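Multiple structures are listed underneath, in structure tokens.
You will see two complexes here that share chain A, one where it goes with chain B and one where it goes with chain C.
For the complex of A and B:
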């Protein structure tokens, strides 16, 4: 039993993170102060949320490349609106951002499930389209921090147990996803659909429905992160989160979500996001040059993936008792 | 009448899979559904399970007409099935595979893992299966997977249980257990539709039969009113000899020798040799290590100790390609996963391993490919509807034959066949047997794993009997009895 836990990939990932924190802590004690660590968590929260929602899609053998554009577009739309109606409550903007994100996600889902446009083509297309729409709605201009209402930005700075609002949102999403994927029929059916789509037909899982739902959820959380991102950095522009979808996908892959579908855990995915977030924060803290930072984070991702495949290898049944 | 199908038709592009088929299932009856490969049996099953919708015809359950539009509906009407294709989820646990698509939920709509696990344990206990509920399917043997599939069809307490070739990859002991499960179901007033190509077992367990040929209804009656020869005639449309006597060939010198092969937890002290033109059988319970030995010889897995000699020279095989280069070929028992490319045509599948032989100056000669495919297709009686038909749309048995044809095209020196005739109809089976005879006559040597004793006794010169990773004995087939073999195989 203990051996099983130690060789599980979630545990190995966890160990890598702890080991990394210790090493960096020795090199730069400032980095392991509670306040710095809590900053790392805050910094990684959006990545965790997006990685978990991306996981839903990867589980069914697809990918959503449009998340970062979706996030930026939803974020821009509510920012523009908030400059016009600063008196509206912030919860309105959050819900609106989520709804816009969901709508954009549904478009992806419908294109893939109903129109049968392959997911790569669809989401690569919407990646550009959604990004392009930001220029269209904003005329290429930015919304600066001074233009947001105080309410709009206040929520994000709220702290509980000296951990940030963002972090607690990530915790809530984690719990939600954990229940969704482990304790609901919907979640379990995602696993079976991704694990063996042919067999799923024989047990009556409606593939199209699940594709649309998975992309809608991915869109929903992209929309949520749209608000979080804009509020956290107090700026909305055409450039926010550009290329972030690749960070999200690498977090999933490092976390052991198989792009072949049907494999991966919520805990693994979260650890994957934490590892990537940690690397992005730690390397600057130990004074490594920009160039090496990229190479090192690439290498760490590769190592994590190699460990994943190693732990995945099939065990053999005992036939002969010696 | 428990179930009645009236004039059911199903068409695929260019194929009439079923044409106005009638079928009646009585209460409390075990009903055999018979026909050659491609006759339409599995298609009928899929219609009953809501996987396909019929193009014509009506379905009555207890005299009420029903439109079965999806698998969950079929299940709620009390129909459950073990399909011919594996409907398993490798990465999920045994428990989950049993309840898949139909998880038990608590009042708050969350999945009730505890109850599912408890029920699974209970069921597996009743079946006397040594499988833990939280094991992943990918860690189970083929026979254990079968048991999980059977459990899945039992858990729903369905009224009609359909089994599409449930015994194809089981050995005698497990088959006997399955029979007792089936008889038990019948006692509980359920009806079973049973599909099999093994006529002996049909005669043994079934009460009634229905025969299909080329998608058409041929005959239905009580089993007591028929015999094996008559059944074959219904299926094939004419009388045929069921068993081809094996061609007598003179066995020559030893060409292959395995010494003290050992692999931790898998097998130990494996010693045997193979002579030119010989057919060497491997018999044992499913999971006795036969497949593992062949996989290591072929280079798919590694062994820890031991030596392999081929024509007196020590062979070092690290990967399957080394074996193939030396003229050793292994036909895996997991043909659909490992042997076939479903999205390629039958012709391309057959020619896949011999592209260089079919090429002139690196360019593939289509004519040679067609000739090769046609020859084998004829010989093995592969039923394709048109030339470019994709291998995945073939019936189960025809897929098997396609893979056999693919490996036979390579004209190896040693051919290792793992359950070569599982799921193949009577006529094709004797064709495969006849073909094996011809091959050894031309100088090939064959190792054949089979769980069917009649096949071992009918085809092999010698048989290696295995039990839990050990060679129990190597017997001369002309000098032994089926009792002796079965005894050795069960460890006595």
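For the complex of A and C:
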């Protein structure tokens, strides 16, 4: 039993993170102060939320490349609205951002499930359409921190047990996803659709319905992160989160979510996001130029995917028995 | 006598041409030209049209080799990042003071190496090309960033600059000329040789292709290497034309190149498509963005339009089918 836990992928990931924190802590003691570690967690929260929602899509053998553009568009729309109607309650903006995101996600899902446009074409297309629409609605201008109402930004600075609001949202999403994927029919059906689409169709799972649902959930959380991102960095511009979809996908891949579908756990995905978040924060702490970040995340995707494929070929982590 | 048992090609009939994808694309192309020339008096000007080819020739060169990759059921998202790497190599080798021919060889070599790296990982570890090239897309771009940081190159050999901005006989830009010659060669290889037939059969069914004795891995590897090589060729033309290389050069081009290929009727999951279709779609997109540019539509409008065109062109047939089946 203990041996099984120690050799499990999730445990190894966890060990790598702990080991990394210790090594960086020795090189730069400031990094392991509780306040900096809590900053790392805050910084990684958005990544965790997006990685978990991307996981739903990857489980059914697809990818959603449009999440970052979706996030930026929802964030920009609510920011523009908040400058016009600053008196509206912040919960309204959050719900609006989520609905915009869901709508954009449904568009993806409908295009893939009903119009039968391959997911890669659809999400590459909407990646640029949504990004282009931001320029369109904002005229290329930025919304600065001074233009937001105080309420709009206050929520994000609220702390509980000295951990940020942002982190607790990520915890809530984690619990939600854990229950959704492990204890509901929806989750089991996603796994079986990814594991073997033909067999899943024969036992009566409506593939189109699940494709649209997975993409709308991915859109919903992208919309949520749209608010979180804008409120955290108190700026909305055409450039926010550009290229972030690659970081999200690399978090999933590092977390052991198989791009062949049907394989992966919520805990693994979260640990993958934490590892990526840790690396992004640790690089400046050990004096590595930020220009290396992109190359390093690319290398991490490749290494992780090679390791994944090797373990998959040994059929260790298949959840559905075929 | 066993004559005319099953003809290789169906007998030629004029009416069949009307149902071809290429014919529909050509009609779209003609209507764009007619609309554009009605809207703007500057459109049908020989010099303007010639200069407009600068906007798409570099992408078109990569689109041709991308056609091979997509027909063989693969995809390469890293092409724009390979341009960034090759342009950096071009700038660096020039700044070190190498001869022109050495500079060009090193640039082409860098493209070949990047492409071969893609091909090696895809074939060696049997990983889907989409995820590998998502990885190398940020790896290669990241290498360009970590090498150049916030600097840029603006000195290139005279030969490279003239390749990027001069005309043959004063009329035909070199990049456009390269694209036309390449499309003839690629069409010949794809449609008239055994290599082309094999690429189609790999795309239709890689497993059965393997059983018939085609070395699928070798073909895949070579196709990705070629894609890297032609990305480097495009990088030479592009750097020569811009006379300035930053790490974000050609950002987002992979989307536009894939749009060119897919709009040209190449099936994204492999096995069908033609060079003629891709060439027509390159002209459609080129004339479209040229026309929209004349109308002062900003680049962002063109991006939105391209994305919509991509999704609708693939989705429209299934859309029609879906509504027909609903009505029955």
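The rule is simple: the second predicted complex is superposed on the first by the 290 of 322 C-alpha atoms of A that agree within 3 Å, B and C clash if a C-alpha of one lies under 4 Å from a C-alpha of the other, contacts with A are read in each partner's own complex, and residues count from 1 in each chain.
One rule holds for everything that comes next: contacts are C-beta pairs under 8 Å (C-beta built on N, C-alpha and C of every residue); 3 or more make two chains touch, one makes a residue touch a chain.
Note that this is a predicted model, so its numbers are computed, not measured.
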{"item": "Partner chain in contact with A:29 - chain B first, chain C second, else both or neither", "value": "neither"}
{"item": "Which superposed partner A:89 touches (first chain B, second chain C, both, neither)", "value": "neither"}
{"item": "First (chain B), second (chain C), both or neither touched by A:284", "value": "neither"}
{"item": "Per-residue contact with chain A, leading partner among chain C and chain B", "value": "C"}
{"item": "Partner chain(s) touched by A:301 [first = chain B, second = chain C, both, neither]", "value": "second"}
{"item": "Touching partner for A:195 - first (chain B), second (chain C), both, neither", "value": "first"}
{"item": "For the chain A and chain B complex, residues of the former touching the latter", "value": "179, 182-185, 188-189, 191-192, 195-196, 198-206, 262-263, 314-322"}
{"item": "Chain C - residues contacting chain A, complex", "value": "75, 121, 125-128, 130-132, 134-143, 145-146, 149-150, 252, 255, 258-259, 262, 268-269, 298, 300-301, 303-304, 306-308, 310-311, 314-316, 318-319, 322"}
{"item": "Complex interface listing, chain B residues touching chain A", "value": "49-51, 70-75, 83, 85-92, 96, 100-103, 105, 109-111, 113, 138-141, 265-268, 287-289, 292, 468-470"}
{"item": "Complex contact set, residues of chain A against chain C", "value": "63, 111, 114-118, 120-122, 124-129, 131-133, 135-136, 243, 246, 249-250, 253, 259-260, 289, 291-299, 301-302, 305-306, 309-310"}
